[in-house]
Each structure stands twice: as structure tokens, then as C-alpha cells.
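Notes follow once the structure below has been shown.
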Amino acid sequence: MPGSQTKSDFNFAWPFRVRYAEVDGQRIVFNAHYLTYFDTAITEYFRALPYDYMGQVHRTGEDYHTVRSLVEYKQPIEFDEDIEVYVRTARMGRSSLTFLLEIHSKDADDLRATGEVVWVNADQATHHSATLPKELIKKIVAFEGDGVKR
Amino acid sequence: MPGSQTKSDFNFAWPFRVRYAEVDGQRIVFNAHYLTYFDTAITEYFRALPYDYMGQVHRTGEDYHTVRSLVEYKQPIEFDEDIEVYVRTARMGRSSLTFLLEIHSKDADDLRATGEVVWVNADQATHHSATLPKELIKKIVAFEGDGVKR
Amino acid sequence: MPGSQTKSDFNFAWPFRVRYAEVDGQRIVFNAHYLTYFDTAITEYFRALPYDYMGQVHRTGEDYHTVRSLVEYKQPIEFDEDIEVYVRTARMGRSSLTFLLEIHSKDADDLRATGEVVWVNADQATHHSATLPKELIKKIVAFEGDGVKR
Amino acid sequence: MPGSQTKSDFNFAWPFRVRYAEVDGQRIVFNAHYLTYFDTAITEYFRALPYDYMGQVHRTGEDYHTVRSLVEYKQPIEFDEDIEVYVRTARMGRSSLTFLLEIHSKDADDLRATGEVVWVNADQATHHSATLPKELIKKIVAFEGDGVKR
């Protein structure tokens, strides 16, 4: 489980401005939408590596399934706020990727949420797990340096 | 465009209880979610005909594209309210279906919204429009009686 | 109802990259999410005027209710596409604002959808309609020029 | 973290039929929507106690904040599936409630997901945590019997 970190522990962040559709009756972002922010930020993280995620899906018939999501909500996020979702790969298994995520205010260093998302690469025909593409492993190591557990 | 009607003008309704995830900072259902209610109610309308929508998709390689959506919002809908979405087919073209929809409170006859959704049947490979399945036309006529324009 | 226009008929557009959470089983943006794009783009349009929408809400106790939404879907929008939502005010009534919207691909001039959204300014305590703020009217006229009907 | 349990370990379940709006490009429920199912099921669990959650909010000025959400995804859930979300309170602290959740297919005993959600009761003016209402504690104990940790 992720402890709180500073922004400098991450090599990647993706900005969001909170949409009115994302807040609930308390005028704060509804808890489920944090996972949409996480998912979108991971997509952009892949683009930044740069790794052609959709190309892999089409070429190999494999795709990732989310097998675990964790969010720890620290401070509510309001309508129209500018936030940044920080992403790094913390661990790579044979077929799994573990991402650590944090949400910070864009303009201050206040932590809004931490999280963890685990993806497993899977053959879309058999639904069996499949080894991670070598090219992806290489690119994540290059991007993250020593920070990734194997 | 649909005028306001009474519940008795419809042969089908589907109940919803408003989820907290569906209300916004005004504590009323966010405008986009009306289209999700409409879409879900149309799915249930097909089941009630009874028409095997997913079977058609798998058997023919055709599926419906939404080409037009209209919502007229009359009275706000609040968290936890019990509502009913009324559906009927108002018109069938060569490849298109026009649905009229209304949202009423479950417990009173107050109208919350009216709407219109147009679907076009399309070949999923070529994306060209395709004639409506004969079985579907027959079932809608049987279900709606004289109310459907051709 | 909006006819198709060219991008140059608009003074404002807001970019979106389609999120995985926004596509459905046909791998295209689910029909309801177009209204979320519209709503978000209108928020940014107000910021561009520049008009302090949230300030008005807090200061006056008035807020806007969506009373009508129309979408005409022209060409499906896929996961990860870069799109732009064009917004302009087409008409201002005593208490109502009518926005015309279009969705275009970012990189080409292909039209994906047109739409119309009508807002009514309302006193949040009485839910009665309220006249549009004079400052807003002035800013919209300045931003849009002769294009706004009164 | 919840281990897999059988349906008989729970006194409450709430049914859902998967909406088309909830599936993604893999034609399975998008990961974030599990938290919406959880939230909705917890609302219904409160109603079943029976506890007047909205009444508390209006009477006390307190409301619950979600401080932690965990989902472990076991088997994908498809469009139009009938599922049941099982809920029980596993622990009550001074101001916090820990819910365990499971998603099962309605018609078989196959487990689709497990989860945990932690709520903290908070004064909505100060955002400080507040002790749980005594009436709620009493009702949860009555509903759950010995299964709740204190």
C-alpha cells in the first residue's frame, strides 16, 4: 500500500480539471471517478514511455485486465479544481503491472489521494494471463530507473 | 418532438431509483444521465417485446447506432427518487427506429422529462445502414398496435 | 436545430481526448457522454468570456438549469481520439441561453456531432426563472458579436 | 482485506442488471463502476437496517466521507448480466464504518469481485470527524449480530 510521497518521487503526471459531471451532492468528486482519473492517467503514462498500447492490443490479441484498485481519499476535490495525477510503475511480475498513483492539487503540494492499480496482461481469446511484452518491460525500466521492483 | 402525454399512452415503463453517483452539485440528476436512463429503458423495452437484441447483434453482425437524442427537462429529479421511464416506438423507417420517452415520478403523475431517441440499424463491418429485421418490425407492431408510424 | 457549420463559425473550442471510461461495447463514445462534453465545454466557454460563473452562483443564489439538450450524432468517436467541442451562444432570452455546439476531429474538418443546449437562470431558493445577469449579457455580446439573437 | 466468502455470510444483497453505459471497449464493466455499485448497495443496506441516512444528514449536518475503497476483480462482468452486490458492516470505530462487499452472479455462486469501503462520519461545516450516531450503531448490531468488530 502506498505511503504518501512527494511529487518528486514521480516522473510522470497528467492534469485534469474537475468536470461538473464528476461531482456529487456534496459538491466534491464522487469516489468512483478517482478510478477513471487513474485509468486515464495510466493511458497517458503509456503514451509518455512511449509505448503503443493500442498497437499491442491489435497486434497480439492481448489486453490488460484490472485485477485490483485501491484508493485512499485524503482531502476532497472540488468542482473546477486543477489537479494532477502522478503515476509510476512500482512492480512488474511475469504478467502483472503494479502502478502507484497520487492526486495532488496543481498549485500546491497538498495530497488529495493515493492509490494502487494492478493490471494483468491477458490473452483476450482464452482469458489466460500472458507474459508482459519485452518491449514494454524495457521501456518501463528505462523510464523509471531503479524504482521498479521485479 | 414529443408533447407531454399521460402514462396511459405507453405500454411500457422501467423503474429506476436515482443513485448518488448520478446527482451533481445541485443535488439533482446531472443532465447527461437522462440519456443513460433512456438507453437502459430501451434495452428493457426490447426484452419486453420480447425481442432478442443481443442475439440479433451476434447473428447478423448488425447493431444500432444512436443518431439523435433529445431531452426536455421539466422538473429536477433528486437523489433516491423512484422514477419510471416510459418508452414507446413512435416511428419505424427502413432502417431507423424513433422512440418517445417520458420520465415520471413513480408515485405521482408529475412529468419530469420528455425525450426522443433515434436509432439506425447498421452493418458493423461496413457501417452502412441496414433494413430493420422483419421479426422486430412484427413484434413492435404487435406490442404498440396502431400507434407506430411507418 | 443547428445545421452543420464550419469551425470558423465559432469563436471558441475546447479539446478533449476520449477516455477509455467513455467508450462502450462498440468501442465508440457512449451517447450520453456527448452531453458531458457539451457541459464541460460550456463551463470553459464561460471562463473564456471571461465570466465568473461560480462567483455568480455564490453571490446571487441563482444557478442555471438545463432545460433542453439535443445531440445529432454524425460519425462515431473512438477511444483516444482528439476532438474539439465548439461552442457559441446562439440566442439569449430574458432568462435563457441557447448554445449551439459541434464536435469535430482535432486534426481534420470532419464533423462528428452537432447539438443544442438551453439553460435557464433560476433562483435556487424559489426555483423560479430569473433574468440573466447584465454583465453576462454584455460579455456574450462582446465575445460573439452580431451572431447572437435576442 | 476481504477473503472470498459464500453468499450465506451476508444478510444483505442488492441486485443490479448491467447497463450498456457501464461496459467499456472490452464489453465488460469498466473498473470504476464497481465503486458505483458498492455505493448504491450501501445506500440500500442503510434502508434495509432500516436507517434513515438522509434524515441524519438533514438533522445533524453530518455526512459520510469515503476514505478508502478497495476492489479485487475476480471475473469480468458482462453487459446485461444480473448480479448481486452483498454488503455487511465488518467494523465500527468511533467515527468510521468498514463495509465488506462482494459481487456474485445472480444465478450461480461464482464470485466476480470482493471489496472494502471505509466511511467516516464528518461534520459538514468543520469537516472534522464526528462520532457515529448511537441509533445507527444499535441498528447495525441488531442487523449483523456478532459479526461486527468494534
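Per-chain numbering from 1; labels A, B, C and D assigned in written order.
As a convention for this text, a residue touches a chain if its C-beta (ideal position, glycine included) is under 8 Å from a C-beta of that chain, and two chains touch if they have at least 3 such contacts.
Small disclaimer: the values here were computed from a predicted structure and weren't measured.
Interface comparison, C-D versus B-C: the pair with the greater number of contacting C-beta pairs is B-C. In terms of the distance between Cα centroids, chain D is separated most widely from C. Mean C-alpha positions place chain B and chain D at a centre distance of 30 Å. Annotation: 24 Å between the Cα-based centres of chain B and chain C.
Averaging Cα coordinates per chain places chain C and chain D 36 Å apart.
For chain C, the set of residues that touch two or more other chains comprises 20-21, 30, 32, 36, 39, 79.
Residues 19-21, 36, 39-40, 43, 54, 79-80 of chain A touch chain C in their complex. Interface residues of chain D facing chain C in the complex, by the touch rule stated above, are 20-21, 23-25, 27, 30, 32, 79. Remark: chain A residues 26, 30-36, 39, 63, 65-73, 76, 124, 127 touch chain D in the complex.
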